[in-house]
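Common to both upcoming complexes is chain A, partnered first by chain B, then by chain C.
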Partner chain A sequence: MIVLQLVVNGVLLGGTYILLAQGLNLVFGVMGIVNLAHGSIITVAGLFTYWFVTHTDQSPLWLIPCVFVVMLAVGAVLQRLLLEPLAKLGTRRELLSLMVTFGLSYVIVETALNFFGSQYVSLPNLQETWSVGGLAINEALVAAGVLGALISGCLHVWLHYTPSGKALLATSQNATGAVTCGIDVRRMRGISFAIGSALAGIAGVLLILILPLSAPTADTLTILSFVIVALGGLGDYKGAVYAGLLLGLVQSGVGYYLGGDVEVVVPYLLLITFMVLRPQGLGQAAR
Partner chain B sequence: MSGGTLRARGGAFLAPLIAAAVLFAAAAHAQKPIVVGASISETGPLAVDAAYHLKGIQLGIADANAHGGWLGRKLELKLYDDQSNPGTAVRLYTRLITEDKVDLLVGPYSSGISQAVAPLMNKYEHVTPMPGASLPAIFSAGNKWAFQLLPPATGYLDGMLPMTKAMGAHKIAILQAQLSFTLACGQARLDQAKALSMDVVYSTTYAMPPPDFSSIALAIKSANPDVVIACSYYPDAVGLAQALHRIGYAPKFFAETIGPAEDQFISALGPITNRIVSNTSWWPSLKTHDNAGFIARYKAMFHEDPDYHSAATYAAMQVLGAAVKATKSLDQEKLRAWMATHEVETVQGMFKSGPTGLAMGFEQYMFQIQNGKRLLVWPAKNEQAKPQVPYTGQ
Partner chain C sequence: MNLDARQVGQWIGRRLAAPSSAVAVGPRPLATAALVAAIACAGAVPLVTSAYVLQLATDILTFAALAYSWNVISGCTGYLSFGQVSFFGIGAYATSALVLRTGLPWYVAAIIGSAIGGASAAVLGTIMLRLRGIMFALGMLGLARILMVVSSNWDFIGGAAGLILPAQLTPVAVYFAMWVAVLVAFALNYFVLHSQWGLSVTGVRDDEVAASAIGVPTSWVKIIAFILSALAPAAVGGLVAWNRSFLDPPSAFDPTLDLQVIVFALFGGIGTLWGPALGTVTLVIVGEQFWAYLPDLQLALYGVLVIAVVLAFPGGIVGIANKFGWLRRKPVAAPAAFPVVARPAQLATSGNDAVIEVRDLTVRFGGLVALNGVSLAVKRGEMVSIIGANGAGKTTLFNAITGFVKPTEGGVFYQGKSVSDIPSHQRARRGIARTFQIPRLMESMTVWENTLLAARNGKRAAAAVDQAAWALHTVKLDSLWLELPNKLSPGQQRRLEMARALALDPTVILLDEVMAGMTRNEQGEIRAVLRHFRDLGVAAVAGVEHIISAIADISDRMIVLDRGKKIAEGTPEEVLRDPAVIESYLGKVS
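Right after this comes the complex of A and B.
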């Protein structure tokens, strides 16, 4: 029964990891940049959720569609103003985009510190635990896990079965080829960053229900998200799903059998192992 | 008119001017504020508790200024944020001593950061009360300038095992965050369990920022202890309580060192905090020197209740003030010699230094959250309520 519980915990934790990483993954896949502000967007969304719930006494789940729409717009504006101008700079673009998103993360974190303070906060919502056949299943982890799976499913359907999704996928696979097919690559970059930001926003709303967050948590979340994306194969959204689940399961087992110290280093040990043995990651796409 | 007369006249003319300038300079110096320097974790994992630490200093300064300051001079705080990072704190305290040349120092929050900066106090011979340093190792042989203003970490939750053993508990789980204070506290509880012939059925350490506690909670459940003791800070105290709740497990007794003392602990976790036990070195009901006045002024200034972190830093300001007034000086050696040999009544109890700066006079207490209220349950002479058992986790 313990092993089964560890698997359930690992899968639910993995769902949360998928949610954290998919936004970053999409942006890397299409734009070829690592968005170092990803963790700060997650954190700000989480802190805003805390503020919203404590001031309105409403369920945090109400915020999910609102945060999605707002972050979609914010992401589109940020991409147009800060990142699109770099697209013309050729090989310098990647380094400059790192610097821009690094600066952006600082601005977001400092703004969050001013608005929300520096304290760790968490919410007591969705803390019911259901007992199913002797297994304990927590409401918040289920919400995060199910939404992680749902979002990955929606991404799959969108990327493979809609014209705009196919155009985005084509851009991520070969930008030059996409241009020759008449795809507006610039628009695709805007869409990917907007959706990436919106996914990060949703991840923040759910993460505050699972972990205590404070503004400086942003860096840890960016690093963790990047590790998942790298494990999956940079830009490979299916790979990120596998990586999130693998990480959740391994951490679940290691935390139980070897304790908290080893659990924390698991993502990095896995990353090093994969970089040596399977640098293309868990997914099919080798970039 | 001779030159000598002219010089005499000039001298007669200049003398009052020079005297006036000297007096003016002396008056200006007298008005120059006494600068108290500190670096506090305003951001990072320690920020919740460190906020109380800072407020105690701010209130101490406000109180001193309301009574005309010290040595006829107002007090002013020179403050930096160490971001919960010991390396940053070392840089900032070096800056406070060598560049800002502050008159007095108050130590940072947490044992880990205090341990990092304490060698500076000895290197630069700057007397420093350390209200965030419970780790005894900081005040080992060789320390001369740092003074502990908290009870030692080894005494945190030291009433938990005797109290629970008397109620039939035998199996214990102990968790420790990988930080100096929490490791010292955890080791002391492990040693105490051995001395009391109680079984440690689960023990682990974890890094900060804290991990997801799901698996650790499951491991605790498998070990099925009577008592769970977490030597924690705020975020891990919250994370562990949440994780135990999520797997539907509640040990008979559950205690966490740091976290439950803060108001946001209860608001963040809700009813699952009920019957959690924690530790404190100060309490509103204690009949210590000026305790009621301290609480009233704190509430007036910050519109919230103080906690033991605020009391410790306020006590540090009381000790510094007593030393400055007694020696009528800001001379570091005079202040050090006075603090090493004198006792001071503070809101936290009696300040009394051991030979290496270790606090000898402060006491430890335990409180329990009972229906949203924190009540002292140990030691018996100070108890406000009997401990309620079992912890139900809801």
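Right after this comes the complex of A and C.
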């Protein structure tokens, strides 16, 4: 029974993890850079949600569309000001864009520390537990997991079945080819970062429902997202779904059997182990 | 004890200012004088100033040592690390545990701690350096986190509660010990940036594949650079812990330390000799005035600074100074003028023995068969051209011979012995040289250094200089020897690749797409070099797609590949008349 319980929790956690990773994946696919500020956007969105809910007593779920729209704009501005100037730099671009997003992550986290303080907070909403066939199912975990998976599904539909999504997907697969098809790659870079940031924002809103967050968790979330993306194969959207679920399962199992201390380093250990053993990702192995 | 530290510093200073090896770099009296003056001033700091200034100076030294060490792995080797604090923490714990448990004097413990840091870098490096780019950067970030968790749970070193260390060191002792750490870290940077061995490090940063093709043992070079970048942080970690007389996991593996170190190195100029020092001194002193008013925003402002520097002047202070001609890097081991070429011309040792033999070579990439049972042999001093359309398998054949691709079946033999288990850099060192389809030159290294890196190949410094001069002279690039590769025309770049290949003292050179996209003039230059190979006893195997006429008359033999199979072989006359070859190129005429 415990195993089944862990699996259910793991899958629900995985649903949120998928969303956590897709924003990072989108940015990597189209821009070829890893956004090290990804986790700090998630964290700040989560902390803001906490602040908003405790001050207004509204449901956190109302925030999802608002955060999405605001982060779209913020992401677009950040991309235009900080990352677009680096786009033409060729081989040095990877290193310099890492530096810029690394710096950005500190700007966001330290500013958040000044506003929200360094204590861990979590939302008291949606804490009911349903008992289904002997399993204890947490309401928040269901909400976060299902919404996370649903939004990832929307992303999938957008990428594969709409002209603008297809243009973005094409750019992610081959930027040069996309240019020859008349796609404005520069615009696609802006859109990808805007949507990537917006997805990170929503992920933060959902995450605060199930995990306590504080400003210093930003790094861990960046790594967690990156591990999911890397496990699935960089730029591989389907692979990230499997990897998100896998990581959810592993973390719920490790957390139960080995304790919270080990659970925290699971993403790091997985990152190093998998990168050494399978640098091409899980997705490639399945094909 | 204070005196000792100063003497060591001065000794290192003199060693640094001395011309390196047999190569005439020329004495640099100004630099020597500046170093001596700086060290003299540094020695006077504790005597004439307040405790506040002494602490500030110690802070500067601490960060300078860390920034210089980070510069070795991330600036010089190009492996961006967000977790060098790992070695700071390892050193801090090693030193503290040694003093507490064994009662060794602190300076002995610091030296042993530094050695333990280096040893752990050797072990961790074999794992971490298999990661590239972003994987390595984040892997290192993760490593620091893992170590923090491990140390929190290890009671031998105090666990999460940390260790209380008896205050034993005077601030003056810490100050001078930090000077030693800085000078060691600086000396290591000097060594990496200005020695012939250091060229391998730059080679790894610029192009790892090309580096191993000219005989650089890239895995070793990276691990050594990683060790060098761990020594000073480990010692500094021990000293900082003693200075605070307290050590716990969050202070030992503090990730913000890496942020600060990266800011300082970046601000001064990544991968430069003076960048880390200039960046640290400027920012610590400016910051000291600033943080008093904005204590909570220090790290956020560092973040802003990183972004601003990358966007506005990614070369840092040194990059700006370079524009005015200051602080420019001197080419490694470059004499005042192009050296007199003194290498005796190597005469062809004729003979019918095969230098390279390929037997039934098959290479598959998944379902694609790139090479299908190809056999061929090349004799000493022979000029063989391998022709075939795009996708015929020429590049795969070269990659298999040089060890960049593992054959699915069949073997490669060099001078009668199988080389299947020999890594690519060893094959290059034994005499299998190659060039690439698109020239892969080390972009930050001059023509001279590109060639010298290949010429080293286990030689003494002076012999390598002679060899490089000879190779450049042979391809007639002597007048351009101090240019950077991006200033060369495509034909000249191709010849530089040939010079690099020649500098290895090879018995065979594989030239991938030897004349693609060249003007008639440039083709002529390449032809002249190819003809010369025979006089040197070097066999040449040239891959050609289009310009067959330009290569036919200088080839002894031609081999035709078509979709991975050998379809013809013989003298140029025979091959070019062969109906199968004509069909492969022009289609079947019915």
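Here is the rule we use: the second predicted complex is superposed on the first by the 257 of 287 C-alpha atoms of A that agree within 3 Å, B and C clash if a C-alpha of one lies under 4 Å from a C-alpha of the other, contacts with A are read in each partner's own complex, and residues count from 1 in each chain.
Please note the rule applied: contacts are C-beta pairs under 8 Å (C-beta built on N, C-alpha and C of every residue); 3 or more make two chains touch, one makes a residue touch a chain.
In this text the structure is predicted, and so the values were computed from the model without any measurement.
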A:177 contacts which: chain B (first), chain C (second), both, neither?
-> neither
Touch check for A:254: first (chain B), second (chain C), both, or neither?
-> first
Which partner does A:122 reach: the first (chain B), the second (chain C), both, or neither?
-> first
Chain B versus chain C as contact partner of A:94, first or second or both or neither | second
Which of chain B and chain C A:111 touches, first, second, both or neither | second
Would you sort A:264 into first (chain B), second (chain C), both or neither based on which partner it touches?
-> both
Who does A:103 touch here: chain B (first), chain C (second), both, or neither?
-> second
Is A:65 touching the first partner chain B, the second partner chain C, both, or neither of them?
-> neither
Does chain B (first) or chain C (second) touch A:153, or do both, or does neither?
-> neither
Residues on chain A lying within both footprints (that of chain B and that of chain C) = 113, 220, 261, 264-265
Using the touch rule from the top, collect the residues of chain A that touch chain B in their complex.
-> 2, 5-6, 9, 13, 54, 113, 117-124, 127, 129, 131, 136, 138, 140-141, 210-212, 214-217, 220, 251-257, 259-261, 263-265
Which chain C residues qualify as touching chain A in the complex?
-> 78, 80, 82, 127-128, 130-135, 137-139, 141-143, 145-146, 149, 152-153, 255-256, 259, 262, 266, 296-300, 302-307, 310-311, 314, 443
Please name which positions on chain A make contact with chain C in the complex.
-> 34, 82, 85-86, 91-92, 94-96, 98-100, 102-107, 109-111, 113-114, 219-220, 222-223, 226, 230, 261-262, 264-265, 267-269, 271-272, 275-276, 279
Residue set of chain B touching chain A in the complex reads 42-45, 47-48, 51, 83-84, 175, 178, 204-207, 209-216, 218-219, 222, 234-235, 238-239, 242, 245-249, 264, 267-270, 272
